[in-house]
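Several structures are given next for inspection.
Here chain A shows up in two complexes: once beside chain B, once beside chain C.
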Partner chain A sequence: MSAVTATTPPRASALAMSIRQNRGFYGAVLLLAALYLVYNFIHPRGFSANVFIANTNESVALAFVAMAQAMTVIVGGLDLSVGAVMTLTSCIASELVRGEPWQIILGCLISVAAGTGFGLVNGLVIVYGRLQPIIATLATGAVAIGLALLIRPQPGGEVDLDLNWAVTNSIKDLAQTYHLFEDGEAGWLQPIAWVPVPLLILVIITAAVWIPFRRTVTGRTLYAIGSSEGAAYMSGLPINRAKLWAFTLAGFFAGCAGLYLAIQTGSGNADIPQAGAYTLNSIAAVVLGGISLLGGVGTVIGALIGALILRAISFYFRILSIDPLLQPLVEGVVLLAAVSLGAIRTLRVKNRLELFR
Partner chain B sequence: MANDLTLPRLKSDDLPIVISAGFVLVILALGSIYTVATLGTMPLLSPNYLLTQLQTGAFLGIVAAGMMMVILLGHIDLSVPWTMTAAAMMATTVGGPAAIPTGLAIGLLVGLFNGFGVAYLRIPSMIFTLGVDSVMRGLMIAHTGGFAPQDSATPLMRYLAAEKLLGIPVAIFVWAAVSIVIAAILSRTAFGKAIYATGNREAASYLSGIRTRWVIVGAFVISGLCAALAGILLAGYSAKAYQGMGNAYLLPAIAAVVIGGTHILGGRGRFIGTVVGVILIVLLNSVLSIMQMPEAGRQIIYGLVIIVMLLVYGRTAKVTS
Partner chain C sequence: MLDGQAARPFAELSGVSKFFSGARALEGVDFACRQGSIHAILGENGAGKSTLIKIMAGVVQPDSGTLTVAGTQHRFTRPSEAAKAGIVCVFQELSLMPDLSVADNISISDPPRRFSLIDRRAQRDRAEALLARIHCEDVDPRALIRDLSLSRRQMVEIAKALGKNPKLLILDEATSALTSRDVETVYGVLAELKAEGTGMLFISHRMHEVEALCDTLSVFRNGRHIETFLKGARTQDEIVKLMIGRDIVHQFPVKPPALARKPHLAVTDLRWENRLNGVSLSVGKGEIVGLGGLDGQGQKELLLALFGVLRGVEGKVTVGGEGGVPTSPAEAKSGRSRIALVPEDRKTEGLMLPMSIADNLLVASFDKVSQGPFIDQAKSRQAVIDAIAQLQIKLNKPDDPVASLSGGNQQKVVIAKWLLTKPEVMLLNDPTRGIDVGTKQELYRLMRELADKDTAILFYSTDYAELIGCCDRVAVMYDGRIVTEFSGAAITEEALVAAALNITRPADAPAREAVPA
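Now for the complex of A and B:
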């Protein structure tokens, strides 16, 4: 085997290896590309920056929630509180993100910190309380919703309008709003001026948080725990620290989702069904993005792709004038079809014992 | 480590049941102290009040009974909410004597489909049942056009859910009947033993000659039937089916099963614990509503109670190898 790989150029073999190891992820990327390409072909007005901006805007909150879910699924857990934590932070943000610039910045920081803190509490309960993540987060999710209702019994809030405009449009609009880079007219800015800010936010946070984290010992320990917690323990890996980080970062991503949702909608709403829907969709996104629910396989970027796939499907309803009532049906069928594709391997298994994991 | 292989009758499994039963008494005592202090009476301890609470608890109890079968296997059934709704809607749509059989048939079909996906396609139950729930929701919304259906429940459904027999709500008899059947299945039949064995270690059960895939399908069918029955009763109780009627039952059902001492990863748990767990959740809710606790406080207390109960007895073994 090693003789074969040694003869091929190292870079090509690395790519081939990566594709072999991450079939789910690359499949998801292809599916997303195909979905979005076809969408733009059949869109009545074709591809335009405005449509692209609107689409990314609608995807950010779900993408962040899916990334949060991915953190916990990779360690072999599940976080049923992500939607609730998002709701909690959006309610906090709807109270704080307004006023003077320093107040706005502080409000944003407090909102995200609240989500991160809640994630840390989840982690502490799960790691030191030794509770099953599913049931522990089910309970803490109820607490988060309760706190959100305390902060905002009625939907509402006045999030800063400039911020709302700047963050939900293109980079050029952002620069114009805050008079940066010669009001967005700077020459170097023009090639990327059309890029939607929401997309930029997603890319920056993923690049700044997940990619460096994954390279640390703690980050690699996540995968070890997900594959075999006992083996990870025997190898002397910092299991407790890694799990704490996983749930804390999940809280961080959920906090980002809540903050963005509050800025995007300009308000907060302690909506229990909405929180539940986001949690369930985050699980669907994680699976579509090639992350194994058994743990140890997949990346946060995969979850991001999965969330975008889910959203891309919903875009079709608008332009094909399909009855929006059918949306849950189509979403469910797509989800079942996607996971059933992965089931083909069960037909190839020769030793039936390999099925029982 | 020896505890890992204990049979479902040994003492370590009774501890959660004793603690949660004690907690039920604590809730009753605290609630009564509150009502004595504010109203001067103790409505919580009157048989009539308790029977009314148990009547509404019956729906949760039936859902939890089915959910327990699935959780004992280490799986979970997230399709409960829309199985309930679909069964209720189809039953009221068909109407007449065929109403209840139609509703139960929906539960049977959903259970078979769930079981097929989980047992044969080996898709994690968490995601497969979630997808089925979404499909059922879409089908029902397409069926009703998104509105509350106009058909009303049949007299038999109303009788089973809302009438009284010998001064006791009939729904409680239905719950008791379901409970006896499930408890008998779990403790007296080979299928019940197979559920515990499969939940402990599927590979070992398979090698011992248990047809584990059939066991999984059977458990999901029971869960589907229970959810359908609860949906039919709920439609009888409110005289008609409505959108999202099952949504409030999924998480409390899981919580009741787990509070009752059933291990979320499967293989351990006694049915009586689930009954105690349901009573605990129902009473907790009713005490909080007597205290006129706002929704926010309810959610927080509800979550904290689950966490505290689990910290007392639901802790998993430390990973050592």
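Now for the complex of A and C:
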């Protein structure tokens, strides 16, 4: 090494560097691609727009919930209320998203704001109440479910049907429903006319919220806290503000999930087991997407990929006549395998005491 | 103008005192440093150097006294305020975030922004420029800190500090993790900074560095500022004397006459990572061997390696003639080796604080009080009673949580826990740290009693007086090696301090060193 001259050594390309630093994320992308490709090959109507639209529709809510979870895991926390907040907002949306167009828009805004506000409350309780995120959100999650049951003791609701149709189909269908872009016949629209609206929603919200947020000082601070809170403090970073933001944005994403779920199903349902399942799946998705549960590593996009992997596994059960009862087993094995790959790192630890820190 | 600046102190402390839960860290300190100077701060472990710089860097607040920077009185409540006033510290414990990139870390507190978003290209350019300034062009700003070597991390830490445009740069052991090549580079950078008018406070345990770099030296001892002088005004021997002073006299049990003992624990050429660089040492039955030297020269790692905590240890270890480095604490404590370790931090590694005193006492020796798979109540109760009596642990009920005891009694619980395993080798990692004088003396007596019952004791202490008073032999470590061994009357403070700083003294003739009256 010392024989190397003072000139700058050749540097790895940006992509090679990124791959080396984010193995978990790129591994997840490859796994998703492989799973989904094989799925389409064996699907009787594979590689068709309809299958793609149906699949994305089923993935949106979990993807948003996983993104919500990612926000809190990156700061080294965990949010057990994400599924419940989703349920709460879907119940609110099932009451409000109907009527005149302005009422529908207002209803959507109120639903997402409710989720965001709930996240803010989580953050306040955790930051200023100095509670551990797990136990604080376990409690607030129960509160959210309670509120959802008050709003909607029985499943039901009349979400606007046009909106339901427009949001769960292709861009062309959306344009036709609302008579936009020459009823979806505009020439420039054709290359993307087949794209499912649910996918578009995911991409737009991720691009509009996460990508800029990550480049703010607050966003950077999230990673600093998860990586080493002591060093973050010593560097004079705004720790409390960043944690508040993390939980608030988690509420925002969970609110998006709830709103989409209400529009997709046309109704609301304060379903307690469903809320729990979404929360647990969000943790699995986060881990599958290359986010470290210790904090500091991974991105919201990784969580999105992780959620899609979980959904892709479930699609297989529909087309291969496997007993659906085996689904949890398979998902569990995939999760275990992914986590084991991540744990290989600890084999290199030289001071065993560090394993316990 | 530069001259005018240099003449007036840039930062000045007057009458500063700081106590940590009653223990004095600094008392009545008057101290000043200038710009355009490299100012060394010298002192033994616990002399108050770290507290001094923590006050200047805004990490802790003084209990009394004032801090004046560039003519204005300040009371920093956080590091960023000190940085704003121009005081920036390169900390010994790294302040880098391992999962973020080099560029992210360098600009962490005030990144370049465009439209209020972090401008990553500008941030990378800034990192490139700062790294180039410290001649670390080979560090890729996009690399993650966790992928860098310790030495490179330390260089990034220095680049991060320089990025804050310090008027006074504090380097706390900033060179201890550097490779010799990086050390040379840092020397060059510091000389350039000095020429540009930056002031520097330099804390180092390496005397030759201080000699090579600094123009002014200040000696601290027991929380007090003893003297400040220009380089060359004092000889090394005088500096060592100033650092030691004449203080507290401990009461130590009488040592037995020196005997030639057969080694029971024998260590040959032990190596681990870059922290142990070929340690060879032996401890006989009934012998107390001290480990001396300044903090962080590999003493802790040596004890951990002997106790089976470290992975990838090379070298030879035999206990009672039988070989092998233990691979786990479970193996070290049982079988033929029968090793016990009283660890560095009793609160995390020594005790389970919420559990009862009784459970803590039994935790290493359940096998001795069990019948098959079940813990025998009568036997365990008896063992607890015996242990409490042997060490005279002062407690209410053995079922109280161990956290309710005083520090000294907690340490007794840790030691009693290991005595229940009937160890033949005791490894002690600074066991008297933070405990009262009375308990300390009990522990000294206990160590001698154990030695008289043929236990081999390896005793690391940061307190020279203890090493002198308790040990039959003392091995001084420096940079992962044992540099000198003293025995009998040759164990003096001057000898230990000089060896710890790795100074070869001209007057090194052990026969003439009498214990000071």
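Points to keep in mind about this one:
Going forward, the second predicted complex is superposed on the first by the 336 of 357 C-alpha atoms of A that agree within 3 Å, B and C clash if a C-alpha of one lies under 4 Å from a C-alpha of the other, contacts with A are read in each partner's own complex, and residues count from 1 in each chain.
Here is the rule we use: contacts are C-beta pairs under 8 Å (C-beta built on N, C-alpha and C of every residue); 3 or more make two chains touch, one makes a residue touch a chain.
What you see is a predicted model; the values in this text were computed from it and never measured.
When the two complexes are overlaid on their common chain A, residue A:135 makes contact with chain B while staying clear of chain C. In the superposed pair of complexes, A:234 makes contact with chain B and with chain C alike. When the two structures are aligned on the shared chain, A:215 is found in touch with chain C, with no touch to chain B.
In the superposition on chain A, A:293 makes contact with chain B only, not with chain C. By the touch criterion stated above, A:341 is placed in contact with neither chain B nor chain C.
In the superposition on chain A, contact is made by A:224 with chain C only, not with chain B. When the two structures are aligned on the shared chain, A:21 is found in touch with chain C, with no touch to chain B.
On chain A, the patch touched by chain B and the patch touched by chain C overlap at residues 234, 352-353.
Contacts from chain A toward chain C in the complex involve residues 2, 4, 6-9, 11-12, 14, 17, 21, 212, 215-217, 220, 223-224, 226-228, 231-232, 234-237, 292, 296-297, 349-353.
By the touch rule above, chain B contacts chain A in their complex via residues 76, 78, 117, 120-124, 126-128, 130-139, 141-142, 145-146, 201-203, 206-207, 212, 244, 247, 251, 254-255, 258, 264-265, 294-304, 306-307, 310-311, 314-321. Residues 78, 125, 129-132, 134-136, 138-150, 153, 229-230, 233-234, 239, 270, 273, 276, 280, 283-284, 287, 293-294, 323, 325-333, 335-336, 339-340, 342-343, 346, 352-353, 355-356 of chain A are the ones touching chain B in the complex. Remark: chain C residues 59, 78-80, 83, 91, 94-100, 104, 108-109, 111, 113, 116-118, 120, 135, 137-138, 140, 142-144, 147, 181, 272-273, 304, 309-312, 328, 349 touch chain A in the complex.
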